[in-house]
Structures are given as C-alpha cells and as structure tokens.
Amino acid sequence: MRWIGNNTDLILGYLASHVWLSIVPTVLGFLLALPIGWWANRVPAVRGVVLSVGNVLYTIPSLAFILILPGVIGTGFLDPLNIVIALTVYAVAVMARFASDGFASVSPAVLDSARASGFGAAGLALRVELPLAGPVLLAGLRVVSVSTVSLVSVGALAGVDNLGRLFTEGVFTGNTAEILTGIVLVVALALVLDLLLVIAGRALLPWSAGARRVRGGVA
Amino acid sequence: MSVASDSWDWLTDSANWSGDAGIPHRTLEHLQYTGLTIAIAAVIAIPLGLYIGHTGRFRGLAVASTGALRALPTLGVLTLVSLNTGINLTATLVALVLLAIPPLLAGAYAGLESVDPATVDAARAVGMTHWQVLWRVEVPLAFPLLVGGFRSATLQVIATATIAPQVPGPGGLGVYLLGGLAVGDYPRVVGGAVIVIVLALVVDLLFAVVQRLTTRRRVSTPDRV
Amino acid sequence: MSRSRTPLRRITALAAVSVLGLGLAACGGDPTEGEAAASDTIVVGSASFPEAQIIAEIYVQALDAEGIKVESKTGSGPRETYIPALTNGELDLVPEYSGNLLSYLDPEATATGPDEIVTALADAAPDGYEVLDPAPAEDKDSLNVTPEFAEANGLTTIADLSKVPGFSLGANPEFAERDYGIPGLESVYGLTGIEFVSIPDGGGPETLQSLLSGDIDVADIYSTTPSIVENDLVTLEDPENLIAAQNIIPLINSDKATDEVKEILNKVSAELTTEDLLDLNAQNQGPDKTAPKDLAKQWLTDKGFL
C-alpha cells in the first residue's frame, strides 16, 4: 500500500497510456469491421474468407506480432503504433465475425418492408440494418474491448509504457504490490469500459430488451 | 524481403529441428502445457457450466465472473504467481487455466441453454431423472457448443502459452520468441510465431472436423478472447 | 427514432458516449506521437532492468536541472532493441556497460581491460554516435553459488566448476548465446554439459530464490546486486577474464552532444561509483521498492547536482 502511495504518478501515467492503447484499437477495429461484416453477410464467399482469415490472424501470438511489425512495416522499435496496429488487427478479426452475424440477424421481412417504404441502399444499411444489428454488434464490441484491455499489457515486453510495465518491472524487484496493482487496474479498466458500453447500449438500443443477453456479452 | 527470407532460413535450418532446443521438442512441450491446461480447466469449468446450464442458477454470477476472468492480464498473473513459486510449471498453469476457464464455462452453460426447453420437458415427462435428462438429452444436444468452448479455449492457450518462458522453468515455443527478442534475432521470433500459428491452425482443423461430425447444423463457436 | 426513449435514457447515453470520447481525448499525450519530440530534445532510453533505468533517470534529471530539454523513455528492452532504436533516431542517449556494448558493436573485439575497452569503443561506436567518459562504477555479470555448494565442491573460480559435471546455471535468456555466457564457459573454461535455465529477471529475486532453494547450482547475478552480500553468496573468480570490464558509460548521438551536455554527463560519470550502484539497487529492491525516478533524484541531491 505504501508503494502505491509513493508511486501514484507512475501508476497514473501507465494507466493513462493503457486507456489510450485500449480504446484506439477497439474503436478502430469496430469501425473497420462494420463494412467488412456487412459485405461478408451479403456474399457467402466473402464470409468464408473473412472468417478463416480472422482465425489465422487471431492465432498470431501477440508478443511476436508486436515485435515483428517494425521489421515488416518500418515503424520504430519502441513505437506504440506497433501495439495499436496489432491490437486493431485482432479487434477486426473478432469484430468482423460478430458484425456479419449481426447483419445476418436482421429479418429479411423487415428489410423488404423498409425497401418498400422507400429506403435507398445507403439509408437501408445505415438507418435500418445497422441499428437492428446493434445488439449483436454491442456483444462483439464488449468482447473486443475486454480482450484488448488485457492484451495491451503484453506491449510492456516491447518497451511501451502501459500497466503491463508494472508486471515486467515488478518481477525485477520482487514487488508483489506492484504486480497486484497492475492486475487490479487492468481488470477494473476492462470492467469500467464494459459498463460504459452496456449503458450506452441500453440507451441507444432501447428496443432490444436482450441487449444484455445476446450471446452472453463478454461472458 | 530479408526478414522473410531469414525467417525461412531459420525454419529450414536442420540444426533447429533436433535436440532439446529443437522445434519438435519445443512443439511437444507446447502441446503438453496446452493439454494439461485444458484438462485442469475442464475439470473446474465443465461441471460448473453444466450445473449452471441445467439448473439456471447462478447464471448472472457466472456471466459476471467470466467477464472479469477474461479481463485478467495473463502476463500479470504469470509474474505474480512466479514470484512465489520455484522453477516449475505452477505459474504457467495457473495463468493459462484462468485463461481457459471462461470459454469452457460459457460453452457448457450456453450449450445447455441452447437445448429446446420442450425437449427437456418431454424427457422429464417420460420419467427421466435429473441425471438422465442431463446425460442423455442435454449434453448430447449441447455437444457442438461444448466442443466449441474447447476449441476456442485451446486456440487461446496455444497462442498465449508463448509468454510462459517469461518466468523461470517452462519451455515451449515461446522460447523462440523471448529468446529471439533477448538477442535481437528477429528471424527466430518470426519463425517461432509461424510454428505457433501452424500448430493452432492444425488443432483448429481437428476441432472443426469433430464439430462437423457431431452436428449437422452449422454452429459458430464462441470467439477467442 | 424511438418514441419510447425517455430524456433520462438520452442523457445516460450521451454521458456514456462522452466518457468514452473523453477517454480518447483526455490523455492528451498521444502515445503514437512519441517521435514528435522537438529536434533539440534529448530522448534518453535504457535497458529494461532497474539499474539501467536509475542511471538513465540520473542523466535525465541532471540535464533537465541545467535547462536542457530531455524526454525520458527508459526501460526500452534489451540492447538489441534499444541500440537500433538509438541509431534510427528514436533515442539519443543511453547509459551503457562498456564491455557488453563493445562486444555488441564489434563481436570480434578482444579487449577485456577497462581502458582498452573504452579506447576500442571510440572506434566501434556507430557513425554519428560517441561514448563519453566512463564512470568508475562497474556492474557486470558474475557467477555465484551458495557458500554450502562452494564448500562441498571446493569452488573458488569458474574453472573449478569442471569438478561439478552437469551443474545447472540460471541466467537471463541471452546468457545461453553470448560470448561471455555458455559458449565462453565451454570454449574458455572447457566446461561441458551445463544445464541452462532461463530466468528472465536480470539476476533478480527469482534467480536468487532458485539458487537458494537448490533449483539451480550457479546463478548469473549482476555484481552490484545487494542479494550477493546479503546471502553470503560466493562469487566465482574469473581468472581468464571471460567477463569483460563493464564500466557505466553514456552512448550519445553526436548531434545532441554539445559541450554543455558532455560536461554535465561527464561530471555525473565522475561521481558514480560501484558502491553507489549497490546502494541504489538495495533501495530499489529493498522493502521500500523505491522507484528509479526517486532514486535518481536522491542521488543527484546527495552529490550536489540539484
């Protein structure tokens, strides 16, 4: 406890960059996955490709991914961008599947009646399909957000500041308090973001009583 | 590109394919950790998941606690436990088991929930006991989702077991990643990662076959987290 | 869109969305802009173990105290990560260990004495980079055994390990491959059948625990680690000088090495002793676990820099 009191600046600094490194890939991954999932839902062949490419991408060990990016795309060795890119790729890999499932969950009858009432293609996608796919999209977003928060810590092994530094540095000095602080903060951050998503979901998707239960959310 | 060709050289160097530090031995270690992890996690998670799915009790608690478990940073758990254990697999197994429990648990209770309540009622109506309903009706019908839970847990563990050598003791394919990082040998890091990916895909394929054989309907698996 | 949406719902939605948005905006220091440091700022990096971070923090605060723009990016991984990061411009200054730096820059180098190494480093430094004055402070890999094990096997030097066939040795993973590591033990001292155990904590608490519990027979522990003295460990002598001298020495981008910067860093190096390192590490690893930043400040205050 005394260690925490003496090092609040350090901890808060790591927390701030952890928040950043978690939210950016989650949001980017979500936005990139929407059109991919929408397209995959339209074209079965695309869906097959998206799902299997997603599977392959998701088996890349995160540490290796972060380490080899500089060699592949020419980013700096210590660049936080490596983490952002790697985690965005994971986020897209997971989210595209949810997005495809979500758009598939929209009833064809609803689409027909929307078309009949004069929605154009873009209006249909944005104002009918997107909101109706909302509950499944939200479930996917919750999974992505929790796993991203937890994965960011691996970036500490590649020299990038975040709560994971409390693990790598705690090992050097045998500092149990430091490691525990890191674990508690990572879990707390994940739960806070999840709670915000649930609140946003209930408010933005009021017609969906099941917003909390679709595919168990993060469960 | 040189990283790619150097990595290919590393992968095809026969010296890397023999001995205790060779790829076959490291792969075997990796599979051992994975198998042990899944076995321990299944002993914990499957009975719990079946109980929750069968009775419908504690579901909210299960959802909340698997959510929290998923947020647990594996690296943190690994380092924390390793500070208090010697050179052995304890820290690795604790960290990986905690990682494997959520998908197994979710697969089990979601599997039972997916069974049509009318089917269960019918089984009760013909006089089956709780155990008979569970074993003869619910588990067989829930099988695809149960296997799906095993599938995603196993893939996660294979990919994540690479950080095991961050603590004293364990080997496995992560040795190539962390050892390569320690001496700046990126082709080795890439080569090691490629082997992990191939291993994961082969295992995934095996699961896909099992799932295909046990179900006619296409079932999507819970996603790896 | 929906008539059922109450004002309250609308407010909670806005609140939740804006908290998410704030999360994005609040942490002003966009981590992806790490390289945007102004060209006259000196970015200081270091290896990831605590001692290197403490020394790097000493550099940061000493330069800062004289009004020089600095940015701290310590804990940048192993040498194989931070030297490339230095030469591609992500870092400008790192504290180094003379012998290991030389063998990294010039694998063929044969120098092992402190002065020869510094002379050789002047030539071996990458173009556009230079080393400044070395500190008297030295910290190097050292092979340690428990007093009981030393007595039971009659060990005083590394060469004596030949009496213990099949002993196990715990060290950072790179020790398995570096010249001063397992390859050197085999070629210089003729030791064989060493069972290597990778313990990636830089001779820290896990290495010590493994040695004391008998999980490993020999432990590679940095010589300025307080646990060596605290546990009466026997450091095996190195008559063949396999492990080269390792004085603390700054490696800096010549473009940033103005006379003023050099003078400050040289003054710091002149004051930094091996005893200081032992003391700083003891506080870092002792019950208080004092952070590198705070230790640096304290050292600079004690030595009259602040």
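Letters A, B and C mark the chains in the order given here, with residues in each chain numbered from 1 onward.
In this section, a residue touches a chain if its C-beta (ideal position, glycine included) is under 8 Å from a C-beta of that chain, and two chains touch if they have at least 3 such contacts.
Every value quoted in this text rests on a predicted model; they were computed, and no experiment measured them.
Participant: Counting C-beta pairs in contact, does A-B beat B-C or the other way around?
Facilitator: Pair with the higher count of C-beta contacts: A-B.
Participant: Using C-alpha centroids, which chain lies at the maximum separation from subunit B?
Facilitator: C
Participant: Express in whole angstrom the distance between the two chain centres, defined as the mean CA positions of subunit A and subunit C.
Facilitator: 34
Participant: Counting in whole Å, what is the centre-to-centre distance of subunit A and subunit B, each centre being its mean C-alpha position?
Facilitator: Averaging C-alpha atoms per chain gives centres 20 Å apart.
Participant: Can you compute the centre-to-centre distance for subunit B and subunit C, using the mean CA position of each chain? Integer Å is fine.
Facilitator: 35
Participant: Provide the list of subunit C residues touching at least two other chains, using ranges where the numbers run on.
Facilitator: Residues 77, 81, 84, 200-201, 205-206 of subunit C touch two or more partner chains.
Participant: Would you give the residues of subunit A that are in contact with at least 2 other chains, written as numbers and ranges?
Facilitator: Expected reply: 157, 168, 171, 174.
Participant: Where in subunit B do residues touch at least two different other chains?
Facilitator: Only 82-83, 166-167, 178, 181 qualify.
Participant: Can you tell me which positions in subunit A touch subunit C when the two form their complex?
Facilitator: 2-3, 6-7, 10, 16-17, 19-21, 23-24, 27, 76-81, 84, 131, 157-161, 165, 168-169, 171-175, 177-178, 193, 196-197, 199-200, 202-204, 206-207
Participant: Can you list the subunit B residues touching subunit C in their complex?
Facilitator: For this pair, the touching residues of subunit B are 82-83, 86-87, 165-169, 175, 178-179, 181-185.
Participant: In the complex formed with subunit A, which residues of subunit C make contact?
Facilitator: Per the stated touch rule, the residues are 1-2, 4-5, 9-10, 12-13, 15-17, 19-20, 23-24, 26-27, 29-32, 34-35, 45, 48-50, 73, 75-77, 81-82, 84-85, 88, 90-91, 200-202, 204-206, 284-285, 288-291, 293-294.
Participant: Touching residues of subunit C toward subunit B in the complex: what are they?
Facilitator: Spelled out, the residues of subunit C in touch with subunit B are 77-81, 84, 170, 172-174, 176-178, 197-201, 205-207, 209-210, 213, 215-216.
Participant: Hey, which residues of subunit B end up touching subunit A in the complex?
Facilitator: 3, 62-64, 66-68, 70-80, 82-84, 102, 106, 110, 155, 158-160, 162-163, 166-167, 174, 177-178, 181, 186, 189-190, 192-193, 196-197, 200-201, 204, 220, 222-225
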